[in-house]
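Residue numbering begins at 1 within each chain, and the chains themselves are lettered A, B, C and D in the order written.
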Amino acid sequence: MTEEERHFQDRVDADEKIEPKDWMPEGYRKTLIRQIAQHAHSEVVGQLPEGNWITRAPTLERKAILLAKVQDEAGHGLYLYCAAETLGISRDELTEKLLDGSMKYSSIFNYPTLNWADIGAVGWLVDGAAIMNQVPLQRTSYGPYSRAMIRICKEESFHQRQGYDIMMKMAKGTPEQKRMAQDAMNRFWYPALMMFGPSDKDSVHSAQSMAWKIKINTNDELRQKFVDQTVPQAEYLGLTIPDPDLKWNEETGHYDFSEPDWSEFYEVLKGNGPCNTERLEARRKAWDDGAWVRDGLMAHAEKRAARRTAAE
Amino acid sequence: MTEEERHFQDRVDADEKIEPKDWMPEGYRKTLIRQIAQHAHSEVVGQLPEGNWITRAPTLERKAILLAKVQDEAGHGLYLYCAAETLGISRDELTEKLLDGSMKYSSIFNYPTLNWADIGAVGWLVDGAAIMNQVPLQRTSYGPYSRAMIRICKEESFHQRQGYDIMMKMAKGTPEQKRMAQDAMNRFWYPALMMFGPSDKDSVHSAQSMAWKIKINTNDELRQKFVDQTVPQAEYLGLTIPDPDLKWNEETGHYDFSEPDWSEFYEVLKGNGPCNTERLEARRKAWDDGAWVRDGLMAHAEKRAARRTAAE
Amino acid sequence: MDTALFEFCLRMGDNTLVLGHRVSEWCGHAPVLEEDIALANTALDLIGQTQFWLGLAGEVEGKGRDADTLAFRRDAWDFRSVLLVEQPNGDFGQTMMRQFLFDAWQSLMLDRLKDSSDVRVKAIAEKASKEVAYHLDRSRDTVVGLGDGTAESHSRMQAALDKLYPYVGELFGADEIDAEIAERGIAPLPADLRGAYDALIADIMAEATLTIPDSRWTHTGGRDGTRHSEHLGHMLTEMQWLQRAYPDARW
Amino acid sequence: MDTALFEFCLRMGDNTLVLGHRVSEWCGHAPVLEEDIALANTALDLIGQTQFWLGLAGEVEGKGRDADTLAFRRDAWDFRSVLLVEQPNGDFGQTMMRQFLFDAWQSLMLDRLKDSSDVRVKAIAEKASKEVAYHLDRSRDTVVGLGDGTAESHSRMQAALDKLYPYVGELFGADEIDAEIAERGIAPLPADLRGAYDALIADIMAEATLTIPDSRWTHTGGRDGTRHSEHLGHMLTEMQWLQRAYPDARW
């Protein structure tokens, strides 16, 4: 370890925030860019599965709530891209990396939303898992990232409550609505568990990220915490978790549960999820179709600046 | 009149059919091309308002019937383009003229289909008016046209009965269905009357076309015949024709009726109908998007021919 | 029943409902993230306004239909939206041109409705006009920016204006309902807004280097429900699906 | 109830229903008039087959649901169509590639169903197989013609194949229903058709100068209803609209 590196690690250890102009190890910068950008991309791509139901939302109020939520997500994408930009990479560069497949977004968004209860499940389970990941990151070592996470977590927990509220209405509704809720539960449970990533035992990067306080808890800790929190909620809703081996373990004080099918996880990561192609196609199309708009607005801004200069 | 012209007119007067290789006046050829092509274009564009409801047809049988009908219409388009081609112009040339607006199609297809009863009204009123125009044309002087019309009329009268059958189901159905039927009637009555064209008193071309037996009856005759035929059918359905002045005239043995709003007719002709833009856009898009398909199949056919030649 | 007021509320609320739906179709597909946010925000405001207008319509009707019932259980012919807002999104330029042409009208209308003799109408107008002032700022800037941008963006915006302008006139239509509503001081005669509207869009189009078509000829049939576009029916299949498929459910 | 036979009929009939709907979306928009005719004809045949399969399904179920009720009153999750037929039309090449990949399977399947132990299944297969032989002739010719056409048509067809091939494997899925149906001699095990299918498409793709992707990895979730595509739900909003909006009407 060099002097600089030691000094840096000391600051991290002392819970000081690292700011954009501070010296930082190249690996720290790269890992942070990858992590923040992936999170930003997830917010952007995450608009799509929910957007899929905006035009079919069953009431005006539900439509408004969903619009507000998707708007928030785009906003989160914006904060996070800004945080990533403080590390010396532009939003356009990051977008290109998303579109050419060299950067990822959360695999959960490669699953389809197939009935209205899925919108509840996305809020309750997916945002729930996301918050579980994000809450500790409010204490992450990188200042801009930490501040973005504080802002995001506040809104996310609101979204989660809204999702749970939809599930409640569905689970207490007509038989068809109950069936929708259970169907959503069946399809989203394991993908939600996968959101915490494979067990850290299998990950080489985790130790370094934890030392740098880019990562605060292990994947398995967070997953367990999520299960422990979610099972009673599901019971309250009267929904069955699609895991026959799920049960309370008196000894550990936690629920025992089945691992998701990690081969599915790796398939989705490889591009073989149910919606990978659609999601990336939709984002590429938005980007390509929007080129003339970005160019047009840029050209106008330049003309206006030139006119102002000429007038001075 | 030259010798040739006189001879030609004599043949027409004697009800002989003129065939592609026979001599014919340039005006006869031009008028026929315009008339046949406009009819062909109408069949093609006419797929669109009905196609608009194929994906929403209320039963499998109704969907099948409608598909069969639209298929027939495309087939009619094909016969008619073939008949026009015998006059020395290609289908592609005619298509270009449709797409650049220099040739017309029947204005009726610039009206939207807005509820399921419209599909009935199109069959009953629009096909009904078309048949009224077409039946006499089975006796038209140009052989290929006459033969195409014979074939077409057989299918069209079948379509008209199907349309009437839909209207019957609607008019005898629930209050909402009755309302749909009446709504369709309200919107299609006057446009159907316009299908016969303005009064011949105002048309300079009519006399020549009638002498050539390209046109057999006057527009006003056909319109009256259509009204006389349709009013009792509407009464049987329990539908109100949207014309307060419509009444039986004992003296003439015909119904008196109000003229359509001819200024609307001319607006639609100018391109200002409710759907002119959509219809032409749809056809242009089909043509442009299909260019690679036509080119590809052509290239393949040439390759295959070349391979066959090489193998000989 | 106060038919004129009921119809007036439907005209206001169906416009915002249909346009809000159209704008919401953009969700996740905009040219840049800021636009995703802005479009979602516009849609959200419009849906919110719909709740007020259709809520008031239901109250005036007095038959127990609430805003949701009116939004999700009427067929196309009972809608009173103008054809302009039913038009498909097209490209981003067409969407923003449609938005501007509507925002300009809506801002003038709401401004006058703040003096409505009906306190409920007045209250909705007061709330909505703030939102719409913001929409207008945005759509105006975008129309100007893209009109006076590159050659391509200019020609796309001109095409959008040419395509949509023949739907503008319907906003200023006049029938017995309008006459009664104006007489009772609930709203101005739509035609009274035309002068200010023309002046506003002339200014903006000049700045955007775009040419307003000569002809004032206009499509009609939406605001009186006599002949909607084919687009509306397709929109409703999506919009109303859940309510139609599960009529007994509460959401 | 004979659940296995009911499910089998749904699997056959939902495929033809969904694909028939997709093909019918082309109406009036094909690249040339002959294709408009051919596509309408294909859609018509598929809808006709749907009437038979869903009619039989309703009969087997014995709860008074007829083919229309099954087609127009089930939500997506009760559909048993494979994901392949739910895929959007894309360009004409993608539509014809989807058609070919399905026709090839359907022709092999119907050919075997002509020996079904169930006379009703046998009868449907006998009628439908003639139609499908014709569909296969057409879609094969088009795939070959466009694959071996211009550089553009070739690359579009290769893209279509790459996109759709990951949905092919689901046609050969195997579960308890398939096992029971095979055991009873009603239909072959889907997997038993794979050899002949692979040989057929290998031939045609070679002629079309197209490369079949290496991976046999496949999407699943349609034929057992566990996870349809997002496309199906949107399709149903259109398809079922009238029946849902006017449940008491007869058409």
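Observations, loosely collected:
By our rule, a residue touches a chain if its C-beta (ideal position, glycine included) is under 8 Å from a C-beta of that chain, and two chains touch if they have at least 3 such contacts.
This is a predicted model, so every value here is computed, not measured.
Shared contact partners of subunit B and subunit C are D. By count of C-beta pairs in contact, B-D exceeds the other of the chain pairs B-D and A-D.
Taking each chain's centre as the mean of its C-alpha atoms, the one that lies farthest from the centre of subunit B is A. Chain geometry summary: the mean Cα position of subunit C and that of subunit D are 42 Å apart. Centroids built from CA atoms put subunit B at 57 Å from subunit A. Computed from the mean C-alpha positions, the centre of subunit A lies at a distance of 36 Å from the centre of subunit D.
Counting partners per residue, subunit B has 56, 176 as the residues that reach two or more other chains. Counting partner chains per residue, subunit D shows two or more touched chains at residues 75, 237-238, 241. Viewed as a network of touching protein chains, the structure does not reduce to a path, ring, star or complete graph. Annotation, chain-chain contacts: A-C, A-D, B-C, B-D, C-D (touch as defined at the top). Across the complex, subunit A meets subunit D through its residues 49, 52, 56, 112-115, 176, 179, 183, 186-187, 267, 272, 274-275, 277-278.
Listing the residues of subunit B that touch subunit D in their complex gives 44-45, 47-48, 50-51, 54-64, 67-68, 70-71, 74-75, 77-78, 81, 91, 116, 166, 169, 173-174, 176-177, 282, 285-287, 289-301, 303.
By the touch criterion stated above, subunit D contacts subunit B in their complex at residues 17, 20-21, 24-25, 27-37, 40-41, 43-44, 47-48, 50-51, 54, 67-68, 71-72, 91-93, 142, 144-146, 148-150, 152-154, 156, 238-239, 241-243, 246, 248-251.
The residues of subunit C lying in touch with subunit D in their complex are 75, 234, 236-238, 240-241, 244-245.
Chain contact summary for the complex, subunit D toward subunit A: residues 75-77, 163, 166, 217, 219, 221, 226-230, 233, 237.
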